[in-house]
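Pasting the structures here.
Heads up, the next two complexes both have chain A, just with different partners, chain B and then chain C.
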Partner chain A sequence: MDSEKKKKMNRRTFLKGAASTAIAGSAALTTGCKGKGLLGSSEAIALEFQEYFKKHYRLMTQTERDETIARLERIAKLKQDVDIDIDSTGPQENVLYGYAFNVTRCEGYMECVKACVKENNLDRASNTQYIRIFEMEHGQMSPDQGDGKYFHMVPKEGHFYMGVQCFQCNNPPCVKACPTKATWKEPDGLVVVDYDWCIGCRYCMAACPYWGRRFNWNQPQVPKEKITKKQHYLGNRRRVRGMMEKCTFCIQRSRKGKVTACVEACPTGARVFGNLLDPDSEIRFVLDNKKVYRLKEDLGTDPKFWYFID
Partner chain B sequence: MNTSKFTKCLYYILPGLLIIFFAYTCFSSQEGVISRIKKATLKVDKTKQVDTAIPIPKNAVKANVQYQGGTFYTISRKSEMKRYKCSSCHNNKKVLIQNAADISHADIKVVHGDKDSPLACNTCHNQDNRDFLTTSKGSKIDFDHVYDMCGQCHFRQKKDWIGGAHGKRVTYWAGERVVENCTSCHDPHSPRFKKRWPATYSVPLN
Partner chain C sequence: MKKNTALKDLFSFVRDTFIWNISGSIGYQIYLCILVCLMMAGVYGYFIQFKLGLSATNMSNIVSWGFYISNFTFLVGVAAAAVMLILPSYIFNDKDLHKVVIIGEVVAVGALVMCMTFVFVDLGRPLQFWHLIPGIGHLNFPSSLLSWDILVLNGYLALNALVPAYIVYCHYHGREPVGKFYKPFIFISIGWAVAIHMITAFLYQGLPARPFWNNPLMGPRFLASAFAAGPAIISLVLHIVNSATDYKIEDKIFNKLRIIIVSAAVINLLMLFSEIFKEFYFPTHHSQSAMYLFFGLNGHDSLVPWIWTAISINLLGTLILAFKPFKGNQIFLMPALVLLIIGIWIEKGIGLIVPGLVPSPMGEIISYAPSNVELLITAGVVGLGAFIVTVLLKPALIIEKRYEETHGNSH
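Moving on to the complex of A and B:
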């Protein structure tokens, strides 16, 4: 009995001591930092704490979305000292994004991959890339037979190049596989991820027949000066370790009327992007006048990404 | 007796339900992309596809051909040419010989046309009025509308360029259609893309 009491006392005193030293220590640390006082860091902690209690993106009202965006922008300012602009533009009426890739024109320069990494704030440490370009011999059809790791002068004789990325399927298997409904198809056809709702189970990665999804094994590293500041909540905003991400046809650009970063960067004009529901659009011209095919069409995923030849 | 009647009833009801369920799943499933595209035949107001206003670049000029959706713009060539107007040198005045090396066109190497019989300067450039290009029949073509000249031989590419399968849009997919000109991507004197190193590389996925 006596020993128990002693123990209890001991623990209490220990906890008291620990708490006081922790407070003193953190105070000393934070006040020791130049520029950022105790208030700054506690504000970030408070904001991050509030972030845990937000809803799924699709269930939020516009005011709730604006609130979380304001918090995320403030956190970025406090923690990384960057002024980002997160946007939550919704899908437009009568717009369905489609993409066509000219297999004849692509020369394998990989400017698209470089532009994509920059635009979408992809992890530089692990070299995450949404796009993969496969170098294939004439006569090959499927990218599994191609070489995705080439690094030599391009174009190489007797070869052609085929770019693969997320195809934004109309019947996406990744969406069906997700146990938390963290990924879904938007009305304009983009398959997006709510990063805060993703639990990192990677079922979607396994379900995707096109290798369109990427997993963050570590905290993505992007140098501060290279962060793209125009962001979208469902697109290129900051991701953390253990969540899935994917190509969203640069949702932050396409919903503002811009072409995706890969299309803008392509030096050969092999990439065509546009509205499938506009009968005058370029993508519709390609579908109407060119020989097009889709990858693994027999799977019934109904991708909105066509390959065509001149 | 009663129970056997009930089971008999079940034999009819269950397959019936199954058929109804199957039919429901068949017809209620979302329509495919292709059928949606085929249904979308109505003209879309190209300026109202997105909420943001889309500017037309300053160096864009109205093309003198029409695409399936009407008029469109292309990037001006003259604004990119460093020494336009050509007639400021190519006139009857004399040129000082010291400047000749700087201002001659000796750096231009024509790799265009047949290997054995490449194109001459005069095939494209108008001899009488240096500020213009020329067609094979001798009529003048403005530098901004260089696609008319390229299209004489590359008529298939021109058709694709007007439609949208060749070339590309400038920055925006929505709004007024502004496309790159032939000379935005191709060097007219050696139009084939050069062999070079890729911009980056990929690591193995797993």
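Moving on to the complex of A and C:
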């Protein structure tokens, strides 16, 4: 991303950000104040103050999880006046998510990218995207040789397209790297981040061989009317500056039995998502009947994301 | 009653060290003022960064670690280098080096404080740093090498601060320190020094995602470059002590340090040559980072002049130190020490961190140079390190000299 643009954007939005972000120290000082101050209402400050001391998500009891969710929903109401609904549905029995990408079918329309940005409340200011589509020439096989910044009519003659996102590795190097266990692999195979526990050291980012993680260098901005209100604690809820985030196969959708936003949006049907443990699923059909391959197999990361050719 | 005198002893120690620190010539006062100004500049820079977030730096999703982590890596080496004084003076009973071992330990303390400050200012959410503290946080030990690094660096800081503090405190009161109270920790600190630098190397070496770092030579090479750059910095401090205070340091100490520096620098250059051979004899896809560093890729060649400068002055410094073209006074070797330090700082700092991250795993190539905020904060951290070394060293040397005069030269 263009850092000049990023900084300009940041200065413009800085005052807004400073007003809306109450840091814990000043929160502690002003908790007793009544009414609306520069840093927002005293209730919001008190809630943020409690949020600061909360535990790691995995160490919380369900009651504690419900409490923090209630606080987060209330903060969203007080600060942005939106009614969000944060879910904490856990992994389902006998489910292991997998993904397949049909290299023959993808024509590079990037509808998936658009849907992902919308669904996951990605930062509009810095144009954060979980999915990247690479335009490849025939003969190439690895996206690092392709063009990830194409801007023209698609599909282009003599080219094909490859989508890349977090591959939800079965042996994820990012999880091993994190010094605070703020990122981990759920039993259903999703690699998630406890945003509030992340300290922003970016070691996971250095450890990821697929460039699957995104860092919030700025305070992320999502216009109020564009916020996706159905959220998950480990998914598309609000992130702040300094946190790491990543694709979670739309945990807020997939755990409710739906497909991911990218799969839903794809106009060519190039994207296949489903339960690897269900022998009747489409993803299993692809794995059993097509020639599939994965990126950087030699690293032993064991991604749950396959490419196939019709 | 006994407790009362112990408290009184401690009080007079603290009072005297404080007085010694603030009293001095005009030159010393100006020097302290400069350090305070540097620290203020750093605080100002951090204030901006705290408000804007890490977007105040030139780091991005591609170059996600920059100038801070580069300096951190170099300074871990400086901290580890104290072992090159501790080892000969305690294991081989070298009387000359024993006299300056405290200076090495104080430099290590300063370097460690700088290391930890650099890691702290690099955090995206510094207020959440307590998540790292075992007990109240949730440290990912032993899986994450970063958690190892946090533990060993803090342990090494404790060793290098408490052992000299105990010895100096005893000397202040004219007592001989009791060997069994501190000698075991000295021996622990020798192994520990190697550990801090190996673990810092493993931090990078353990990432298969980054072929430029995923190299088994990195740990040993870190040690070799540290044992060249660290003693070189200690030598510089010794030259300053020698000319600015009445704590005199003999030429043979400089000569011993020079031999250590040259040996380590030669080993470092050999390993560097071995790495360059591997990257360029039969370049593979994994040699892209080295290409980027040494020759530039797709027009992004901002590191190229730096790395060639680093290698040239590394060689030049090593040759001057090895062959001593200016006979006589050791002070003529100071420029060579400075060359070597700068060479290793570039090569092991920005010349190691940035190419590890470029090209990105998706093949993107960009240039990186630190922003003004990064430079300001770095200046502040360096000021802090120099300040700590100064305020620890000044009273320590006064006490040591006084003790030596009253108790002779027997340790």
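Quick notes on this one:
Just so it is clear, the second predicted complex is superposed on the first by the 270 of 310 C-alpha atoms of A that agree within 3 Å, B and C clash if a C-alpha of one lies under 4 Å from a C-alpha of the other, contacts with A are read in each partner's own complex, and residues count from 1 in each chain.
What we mean here is this: contacts are C-beta pairs under 8 Å (C-beta built on N, C-alpha and C of every residue); 3 or more make two chains touch, one makes a residue touch a chain.
Note that this is a predicted model, so its numbers are computed, not measured.
In the superposition on chain A, A:132 makes contact with both chain B and chain C.
By the document's definition of touching, of the two partners only chain C reaches A:203; chain B does not.
Of the two partner chains placed around the shared chain by superposition, chain B is the only one that A:275 touches, whereas chain C remains out of contact.
Once the two complexes are laid over each other on the shared chain, residue contacts for A:221 go to neither chain B nor chain C.
Of the two partner chains placed by the overlay, only chain B lies in contact with A:266; chain C stays clear of it. Look at A:111: by the touch rule set out above, it reaches chain B but stays clear of chain C. When the two complexes are overlaid on their common chain A, residue A:289 makes contact with chain B while staying clear of chain C.
By the touch criterion stated above, A:56 is placed in contact with chain C alone, chain B being left untouched.
In the superposition on chain A, contact is made by A:145 with chain C only, not with chain B. Looking at chain A, you'll find residues 132, 148, 211 touch chain B in one structure and chain C in the other.
Those residues of chain C lying in contact with chain A across their complex are 51-56, 58-61, 64-65, 119, 122-129, 131-132, 137-140, 143-147, 150, 203, 207-210, 356-357, 359-364. Looking at the complex, you find that chain A touches chain C at residues 1, 3, 6-7, 10-11, 14, 18, 23-25, 52, 56, 59, 132, 134, 143-146, 148, 164, 173, 176-182, 196-203, 205-211, 214-219, 241-244, 299-300. Put simply, chain B touches chain A in their complex at residues 30, 32-34, 36-37, 40-44, 46, 49-52, 54, 67-70, 160, 163-169, 171-175, 180, 185, 193, 195-205.
Chain A meets chain B in the complex at residues 89, 92, 94-96, 98, 100, 102, 105, 107-111, 113-114, 117, 126-127, 129, 132-133, 148-155, 170-171, 211, 254-259, 263-264, 266-269, 271-287, 289-290, 302, 304, 308, 310.
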